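Heads up: the structure comes next, in structure tokens.
When the chains are written out, they are named A, B, C and D in that same order, and each has its own residue count from 1.
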Amino acid sequence: MKKVKRALTLILLVLTVAALLASCTGNTATTTPGTPPSASAGASPSGGGTESGQAGAGKLGGGKDIYNDPVKIAWIPLSTAGQVNQVIDLVWKDAVRIYPNVTITAFDPGYDINKQISMINEAITDKYDAIMLLAMDTAACNDAITQAEKAGIPVLTVDCGATAVHTFHLQGTDYGSGQLAGQVVAKALNNTGSYLVLDAPAEQKAIGRMGAGFIDYMNASTQCKMLEDVSIPNWSQENANTTMRDLLTKYQPGQLQAVYCASDDIAMGALQAIQAAGRDKEGIILYGNVGYLPVLNAIKAGQIYGTNYSDTYAHFYTVFHMALYFIETGTTAVTAGYTATPVVYDTLIPVDKSNVDYIMSVSRYAYVQGQ
Amino acid sequence: MKKVIGFLGNPWGQRLTILVIIAVVMAVFQQNFFRPSNFSSILLAISLYGIMACGMLFVVLLGGIDLSVGSMAAMTASILAMSAQSSGYTAAGFITGVLLGLAACVAVGIVHGVLVTYFAIPAFVVTLATKYIVYGLVLLVTGGHFVQIIDKGILYQLGNARLFGAIPMPEVIFILYAVLCAVILGKTVFGRRLYATGGNPVASKLVGVKTNGTVLVSYVICSISAGIGGMILASMNMQAGPTTAGGYEGNVLTAMVVGGLNLAGGEGGVVGAIFGALLVGIINNMLILLGVPSDYTTFVQGVIIIAAVSLNMYTSRRSQGLTRRRTKKPPEKIPVTR
Amino acid sequence: MAENNSLLACRGICKQFGGIPVLKSVDLDIGPGEVHALMGENGAGKSTVIKIITGVYAMDEGQIFIDGAPAAIACRQDARERGISVIYQELSLFPALDVTENVFIGQELSRYGLTRKKEMRRRVRALIDKYGFDLDPAAVVGSMGMAQRQMVEILKALSMDARLIIMDEPTASLSASETEKLFETIDSLRKKGTSILYISHRLEEIYRLADRLTVMRDGENVGVLTRDEITPQKVTAMMIGHELKEDKNRERRHRFEGNRLEVKGLWYKDLLRDVSFTAYGGEILGIGGLVGSGRTELIRCVYGAARPSRGEIALNGRPVSRSVGKNIKAGFGLVPEDRRGEGFVPLLSIEKNLAAASYDRLASFGFVSRKKEVAFATEAIRSYDIRPPVRQLPVGNLSGGNQQKVVLGRWLSRKPRVLLLDEPTAGVDVGVKHELYHYMRALALSGSIVVMVSSDLEELTRVSDRILVMYGGRFFEEFEHEKATQSAVLLAASGQHTGEGAAL
Amino acid sequence: MNTKNIRRIISVLLVLILAVIFSFTTRSFLDARNLVELFRESALVGIVALGASFVIIGGGIDLSTGGIVTVSGLVCARLSFIPGIPGALVLLAGVLTGVVCGLLNAVLVTRVHLTEFVATLASGFVYSGLAMLIAFREGGIIQSRAITNASFTFLGGKIGGIYNITAVWVVLMIVMMLVLTKTTFGLHTYAQGSNARSALMSGVNNDFIKGSGFVICGACAGLAAAFVVAKNAAAPVTLGSDVAFEAIAACVVGGLVLGGGRGDAVGAFLGGLFMQLILNGIYKYNLPIAYQWILMGAIIVLVTAFDAQFNKLRFGQKKPRPVERKEAVV
């Protein structure tokens, strides 16, 4: 029996090494690391038809020819497992279909700050042409970002920015969304009443500032009173559910008029808790964020008051195009001498019963769900 | 004083003291704690990792551990959601999803059992490795995305329906599962064998107990419990993905430890595991009712675990073991030669 | 020997545990450079004397003289400083460390915390060369055989410049060649002036090694023999003292021909060489022999706990299976030698330990019937007088005797067809001992086969109807009850025929 | 060829095989910048693994290293804002925080007699909770602030092409090898891991050895945290999120056995490097991240399976007991 076990272990060890070899060598065929990037400073402008009709734009300036030269863009999110990633993957698929010479590599730090920083370094070492980043911490990635910029790689941050100066920041849904939600809810409560905030996990409040936006607006321009700002661990729906049930025990009917949720998962959890406690008749105003399909359906059914819808598809498509622009013009914060990061604010559409049908018809989410 | 230590010595004495302390604190600060709706919300909150704690109990009784409960739950949740979605939410799709999920759990449980018994690898390392592997597999299968469950069919009922209009299904399943585990441990021959193997594996072998088989089955039971928890979670959230039940092993381990279970095996029962899960639930509920800012929760949880376990260790050593053990063995402390 | 030139002299040592006197004024003289043997039956107090000399236990009365001067030994450290060290049967080495580290653990040569490895290695090599061991100071102990490990233990003693090394049953788990190597080591130690206190049951070892022999019985020393006075007859007579008269009311035993256990041509590692015997229902078959002569392995092979390389075992003509579970159902039972380690589950209650082997009767379709289990346990507690008679009490808290009753009760309540016992009364107080004999007798009379392995000569001769003595891995001699005397059995165990029994 | 060398060769082989595969099949593995970054990134888990190896060799386990890294990092960040404070002092403060946490672990295990697993699981929560309490806040929200103390962030940088943290990691490994092999303390740690009872009998002060193992482990965690915070010039609250398990996995891959008594600092070093090597490789091949988790888990199982069989072969003892069987207390 002992010999069998020993033989088995040895075979398994050899198998892994073989698998290692196979998986690595086999894999190289698909990606094209072998060919050195053609430092085609002087590539001739090719008039390849581009969907967006930039006929003949060719090369604007010092960078690469984004139509013909092989372009590598790194996409580093908080983690690839999540609601919003489905749409983002769709964006990359469409983008690559239009620009076949572009390859977008998605990394997955799995909510670990050290892994995210080593991934940025990885992108620098592998000489990517641009880095699209969802920073996990506003300060921790600064050093890596500045190194990338110095290495001539434009860094574009989305939603969660970084204090270091970098090429581009698309301010998405968080602080602004909180403020907008504040406006809508304050109007619904006609400026009085008390509310609860079910906020991002404690350690990620810095990068998910919806709660802060909402509270700042409420304090600044209404008489609404904040009861509590509670963080929901892991942004998970079941934690929101249990936390909300406890809060409902604490705040009896009449003590609570509105609940602002930092994400739609949390909103669904809060809704479940309210229904389970049999208090859905009280007309507690529930307001979500980002606009996932389940919440849009709940709005249609009148269970949730509303949410801020941002067209994630357009959101990331813009970032992709900005990246191409920077690659083509070869501009980075260093070459352009920026002293502050240029920020573009994304459009937010507050959704409520009135425009929910229109939004659902337009939203990529519906399209994605319907597959 | 002797009587007090005696009273604190036995597990029930300790549990009662902890509950009395909590009741006093809450009576002073937040009377709403005693509302019946609060108790049902606590029960719902702990039902998921209560089920997993009952499963983990089988493994802890043998002196083992299972760190992969979280990933297992995510696996079965994803399998169930995908099979339901792909089959158009038919009952058949639901059934195959459940069976497939449980089959996957049984497979992983068997792998755990074989590696721990025949290859003699410590359970900590085996389950740490399978935690990574299973998470990776779920990522592969779901492509990293969450599977949405749209239909309100049987899958929805699993997590959200209410028995007799009042008791949510997860609580019902938790109570049934706890009773089932109590019966298995307390009333069946397998339960007797499990306690024997946990207490003294060599002696059990000589009494005809197939110790390796018992260990294997208990790892399978632990995996299945994690799987059931995952499936209920999928139906409660109407979605499933790689990070479903993220970090659940922390709660389950805490429940085990606070429930007064001794991690070296051989001691403790379903009541201990359930009390542990209940205590974790009550603590979380208290923290919210008392308005403790969320930033402090991890710190307070850590301090409470240390307090509960030290109380448990101090009293049980004082009242039974400590004095007796000292006389049996030659004096432990001998002067250091250096 | 005059008092002054003896290395270690004990005078009038008394010790009692919980009221029971274990040592009644024991004297012991060990001269420098002398191999002094100490013999006595189990329970004669040998190990207690050693524990007192090495400072593990404090003596109630008496005096210890070292080099003639009185010396107080309060702890292990005092003994070590006075050059007394001991090698127990289960060695206390570190498998992960090499020889040098094992020898110097606890008393490393070091400067400012840094170990002087070269210096220590040089010293170990010097010791090795001085005593002619074949050991490599850098070899890892874990990968060494038993004999080499023992040499490391001896080295460890010598490194503390021990003047007296106490060896407790050193050859129990050694092969013949390894034992030979140990004897050479002891000879070289003796030449270098180190004295050895050698505890063993094997008479032939004593003849070969001992300069002097002290024999103990029931906590007293019975006499000291010099090398030429040592003869088998004299030694055994001293060890056994007066032969107990035959207890008259011994029931006539008769053999149940129908119930017999045949073992033919059993081979197991190098311990059992072609062992064959037949045990009959209605009689208690005693198996004598010395520690390590393969008796435990023999009954474990029969029971199915060990896998013999060759040989067949049959019960009433049908072959016995190799799985413990099937054998238990077929009516086998084993009371193991290491009660605490293999006998019972300390944390479980008396009730559960008793019922552990009988769930085939107490449960139906996998569910245990509490009623049957409680009845089974209460019946066992009552009939075997397990005290305190509290069903729920964990067995770990019981006294040695009661623990053994639980282990025995577990099998007796099943009315086994074959009961195998390994040192059933070791470490059990006298009162309980007789109870156990009574239960075994009753089981045998009911027609079951009872096979008892024992090193307690008195128990062997008085209780068993027939005795087989093992020597060198084979059955050496068979004694009928009437003709069996303790000295004959002891001599047979050391490979000496005395004519009472039939040579096999 | 005694067993220690054979096991070490296996660890070296594992690292070499992966390195060779990567250098041939990718363009940028052997690039100087990548190697320098690789060693810097593996230094965090590497240094913590060195500390954890002391506890594991002594027969224990430490699950609180993640919490210690986080709280030490934040202590450094807080102190770095004191005007004019020299970077070295801040670094020392980080190490001291680790030592204090290690002391608490030691007290919990040796004085309060909690089992290592339970004590460090609970103290891990306490330390990460503590970190959140002392984190920077803006408007009540935890917000990590960029560190401006130049003399401190200098420590995070490079001297002569090699990062300070890597240099410290290598030096620490050498020092620990000396301590483990050349000092009585190291010898007693091995003795306690190999056979705790007879170590006690031969005069090894078990509580002291176990206690100092935890203190060393805490110090290493504090040191690693200080360097990482210096490099990133920020101390996020999620700094040590799953460092504890990765460090233990690194030790196991490096040849240490959870029962204690076997393996050494070089093993922990190679284990730490190996873990990061897998990540580094995965990034190069654009492999979906799922393979990273699967590969890491598979290798841990395989190496430990080989270890268990290998040790049984060499030491021939019965199955190594993963959990020290408890004397019947009841």
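Here is the rule we go by: contacts are C-beta pairs under 8 Å (C-beta built on N, C-alpha and C of every residue); 3 or more make two chains touch, one makes a residue touch a chain.
Chain-to-protein mapping (UniProt): B = Ribose transport system permease protein; C = Ribose transport system ATP-binding protein; D = Autoinducer 2 import system permease protein LsrD.
Values in this document were obtained by computation on a predicted structure and should not be read as measured data.
Taking A-D and A-B together, the chain pair joined by more C-beta contacts is A-D.
Look at where the CA atoms of subunit A average out and do the same for subunit B: the two points lie 34 Å apart. Our note on geometry: subunit B versus subunit D, Cα centroid distance of 28 Å, whole angstroms. Our note on geometry: subunit C versus subunit D, Cα centroid distance of 47 Å, whole angstroms.
For subunit B, the set of residues touching two or more other chains reads 119, 139, 144, 266-267, 295, 297, 334-335, 337. Of all residues in subunit D, those touching 2 or more other chains are 132, 142, 184, 201, 203, 289, 291, 295, 298, 305, 309, 312, 330, listed in ascending order. Taken residue by residue, subunit C touches two or more other chains at 76-77, 106-107, 346-347, 397, whereas all remaining positions touch fewer. Here the touching chains pair up as A-B, A-D, B-C, B-D, C-D. Of all the residues in subunit B, the ones that touch subunit D in their complex are 63-65, 67, 115, 119-126, 128-137, 139-140, 144, 253-254, 257, 262-267, 295-303, 305-306, 309-310, 313-314, 316-317, 320-322, 325, 329, 332, 334-338.
Across the complex, subunit B meets subunit A through its residues 30, 32-33, 35, 37-38, 41, 44-45, 48, 118-119, 139, 142-146, 148, 150, 160, 168, 233, 236-239, 241-244, 246-247, 284-285, 288-289, 291, 294-295, 297.
Residues 2, 5-6, 9-10, 12-13, 16-17, 20-21, 23-25, 27-28, 30-31, 33-34, 36, 80, 103, 105, 107-108, 110-115, 117-119, 121-122, 124-127, 136-144, 163-164, 202-206, 209, 211-212, 216, 229 of subunit A touch subunit D in their complex.
Interface residues of subunit C facing subunit B in the complex, by the touch rule stated above, are 56, 75-77, 106-107, 303, 305, 324-325, 327-329, 334, 336, 341-348, 352, 355-357, 359, 363, 366-368, 370, 397, 410.
Residues 61, 108, 112-115, 117-119, 121-130, 132-133, 135, 142, 184, 200-201, 203, 205, 245, 248-249, 252, 258-259, 288-298, 300-301, 304-305, 307-309, 312, 319-320, 322-327, 329-330 of subunit D are the ones touching subunit B in the complex.
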